[in-house]
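Read from first to last, the chains carry the letters A, B, C, D, E and F; within each, the first residue is number 1.
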Amino acid sequence: MIYITRKETFSAAHKLERTDWTEAHNMEVFGKCSNPNWHGHNYILHVTVKGEVNPETGFVINLSHVSEILKSKVLAKVDHKNLNMDVDFMLGKLPSTENLAISIWNEIKEDITALGGILHCIKIQETDKNFVEYYG
Amino acid sequence: MIYITRKETFSAAHKLERTDWTEAHNMEVFGKCSNPNWHGHNYILHVTVKGEVNPETGFVINLSHVSEILKSKVLAKVDHKNLNMDVDFMLGKLPSTENLAISIWNEIKEDITALGGILHCIKIQETDKNFVEYYG
Amino acid sequence: MIYITRKETFSAAHKLERTDWTEAHNMEVFGKCSNPNWHGHNYILHVTVKGEVNPETGFVINLSHVSEILKSKVLAKVDHKNLNMDVDFMLGKLPSTENLAISIWNEIKEDITALGGILHCIKIQETDKNFVEYYG
Amino acid sequence: MIYITRKETFSAAHKLERTDWTEAHNMEVFGKCSNPNWHGHNYILHVTVKGEVNPETGFVINLSHVSEILKSKVLAKVDHKNLNMDVDFMLGKLPSTENLAISIWNEIKEDITALGGILHCIKIQETDKNFVEYYG
Amino acid sequence: MIYITRKETFSAAHKLERTDWTEAHNMEVFGKCSNPNWHGHNYILHVTVKGEVNPETGFVINLSHVSEILKSKVLAKVDHKNLNMDVDFMLGKLPSTENLAISIWNEIKEDITALGGILHCIKIQETDKNFVEYYG
Amino acid sequence: MIYITRKETFSAAHKLERTDWTEAHNMEVFGKCSNPNWHGHNYILHVTVKGEVNPETGFVINLSHVSEILKSKVLAKVDHKNLNMDVDFMLGKLPSTENLAISIWNEIKEDITALGGILHCIKIQETDKNFVEYYG
């Protein structure tokens, strides 16, 4: 078993705000992340796939195929977008880093399986000081 | 003459959009940066001050004083904010990295002079691939 | 289960020296890290907490609460300090990166539990070339 | 149990090419990595060893000993070399990052055991966007 | 006047070897960089353009146009290639970082001028420890 | 004219303290940097040399010679040392980053000239947030 990781980046706006809460309660729980006029980040996404090495190619999986999946299923939807408003797989969810990682996992899991790999981890870094890892 | 630099970071939303242009023309010039629902970045700000070394302290300038100016005059206004809507010194300007660097220069120049230093450069990195430098 | 990590940094002096050993024996085992007049590092601390996502907030844990714990229980004690002389939770211990990671784990474990999270990992990077991970 | 990691770097040329395949088939599977005249990378190698902390020294293992093993068994063979042509432990293997990680594991495992540690992970980063981890 | 920089990366093989010198003399001057079977690097290229800010767009120059020039005139020729053998603008030159920077300057200068900007600097980083800057 | 830079790192202890000042006055001016029991940093040193490219070698200067000068004249004296107590060229000076940069300039200038290059800049990064540049 070996683990291979592809890194991609995207830039997006979001806010952490529950419309069923008062602005004061949003501020108490989410702090400056609840700014009504949005803020944004350069997100760093790491996708890790595990599997046996194919002796024909020396690869667990062809990373260029992983990259194509990420481009069509994730990056085209989130890069230079608003995570609360523009992204089909985030609609109705609070766009915390945790929820974003879980949603990207669900979005690409079957495609990775179809390539012959096993999706192992989605890691998302929101700022230089914070990141989340999800293993399914 | 010696040059000393302080780095700070902030996260903000913005878009590059002229309301006097059609959406198609905005897209032609600004590409995905014109997304109507915003996007955002983790900006990295470098502020460079030059001067003689004070033999009493070994300092050109006390960087903790520079940091206080940046906190009150810049970071409190831009961090977790919308550069088009929330920032007094950006109102009515296209929030390109170029305009942001020039505006921050104007915002802090006098305060740096009052500390006894000479503002030398404002550098703003918008993503890992792009940055701007302004020397006044 | 999801894992969330907070990164903090601190700058400290230390030396690896046993006073019950000769200087030559200290040098043999600890090399230049045993310099009698100290040396120091910019340490990078990563604290990882695991838990279920709270559907009310989208958070495993509010990272700003983790950050407050780290500030009062760790950073206030180690930043710009001497790890051998100034830090209550390191007194009488060799300040290797291993011992520092274990001690910080013990220092914050209960506070993380009280927040509703499970402390998963303390990672400390001493230089660009060395780091330690402790999982309890 | 605690985990300690040493990072080293090396620069090498390689290509992914099977001589029993046509150039077109190589291009189809390996893309630009099959360029007949080679290409190269600055590889980053992380070696993680696990063990108990020795109360005499505060160390799991003396990293300077790990570094010496890496220098003589790995870096002297791969740094500023051609991974397909110059490296005894890669001869006859496709120099994918996966195969390189497995081969370095096999090359140093016994030496790490002889030092009293347990080899835990070989991580190799080929570019800023790709890395592989192998746990034996 | 404001300065804007675009970063790109490429991976290439090369060697520093003069065929009119003995292998021993090559080794004396170029050290391990003269390995006959090549080695390689992940190069980082920074291209800086200066100019006035266009008040219509807030841009000195549209970086996506700079990026297109770099893709067609530089990256398509050097990425996953051999700098000694495969690159038209390096033929007959020693592929030192210095010569590479000067050659890329000459390769793109007119195209940058045609865009309305002034090419200011080519910076190439060969490894984490070495880089070169050329200002024409 | 072309500029070439070598990066080196070192780890050292220091404090900013004037013995002719009270502890309170030291704290007022130098803050936590005046901690009597020292603190320390992983310093990053960039040395930039300028010159014409030698057509024989493609080099401005052989960086391995620069590296040897840095090892014997700087790193052997400062790495894993105390900047206030152990370093001949810092004795009697406040070890601010400014004074350290100026002192390293003076320490290596003649040796760089003897190699046929012109010393252009000493840059020292003390933490991720602060750096100094000195051009003589």
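Quick note on the criterion: a contact is a pair of C-beta atoms (placed from the backbone, for glycine too) under 8 Å apart; a residue touches a chain by one contact, two chains touch by 3 or more.
Predicted model only: the values in this text are computed from it and were never measured.
Contact with both chain A and chain E is made by B, D.
Least step count on the touch graph, chain A to chain C: 1. Chain copies chain D and chain F are related through a rotation whose angle, from the C-alpha fit, is 180° to the nearest 5. Using the mean of the Cα atoms as each chain's centre, the chain most removed from chain B is D. At the interface between chain A and chain B, over half of the residue numbers involved are used by both copies, so each side presents largely the same positions.
A repeat of the A-C interface exists among C-F, B-E or A-B. It is B-E, with more than half of its contact pairs matching by residue number.
With every chain reduced to the mean of its CA atoms, the largest distance from chain E is reached by C.
Averaged Cα coordinates give chain B a centre that lies 42 Å from the centre of chain D.
Computed from the mean C-alpha positions, the centre of chain C lies at a distance of 29 Å from the centre of chain D. Multi-chain contact residues, meaning those touching two or more other chains, occur in chain A at positions 128. Pairs of chains that satisfy the touch definition comprise A-B, A-C, A-D, B-E, B-F, C-D, C-F, D-E, E-F.
Those residues of chain D whose C-beta lies close enough to touch chain E in the complex are 9, 11-14, 32-33, 35, 37-42, 79-82, 85-86, 127-128.
Across the interface of their complex, chain F is touched by residues 1-8, 48, 53, 57-60, 62-64 of chain B.
Of all the residues in chain B, the ones that touch chain E in their complex are 16, 29-31, 93-99, 101-102, 128-135.
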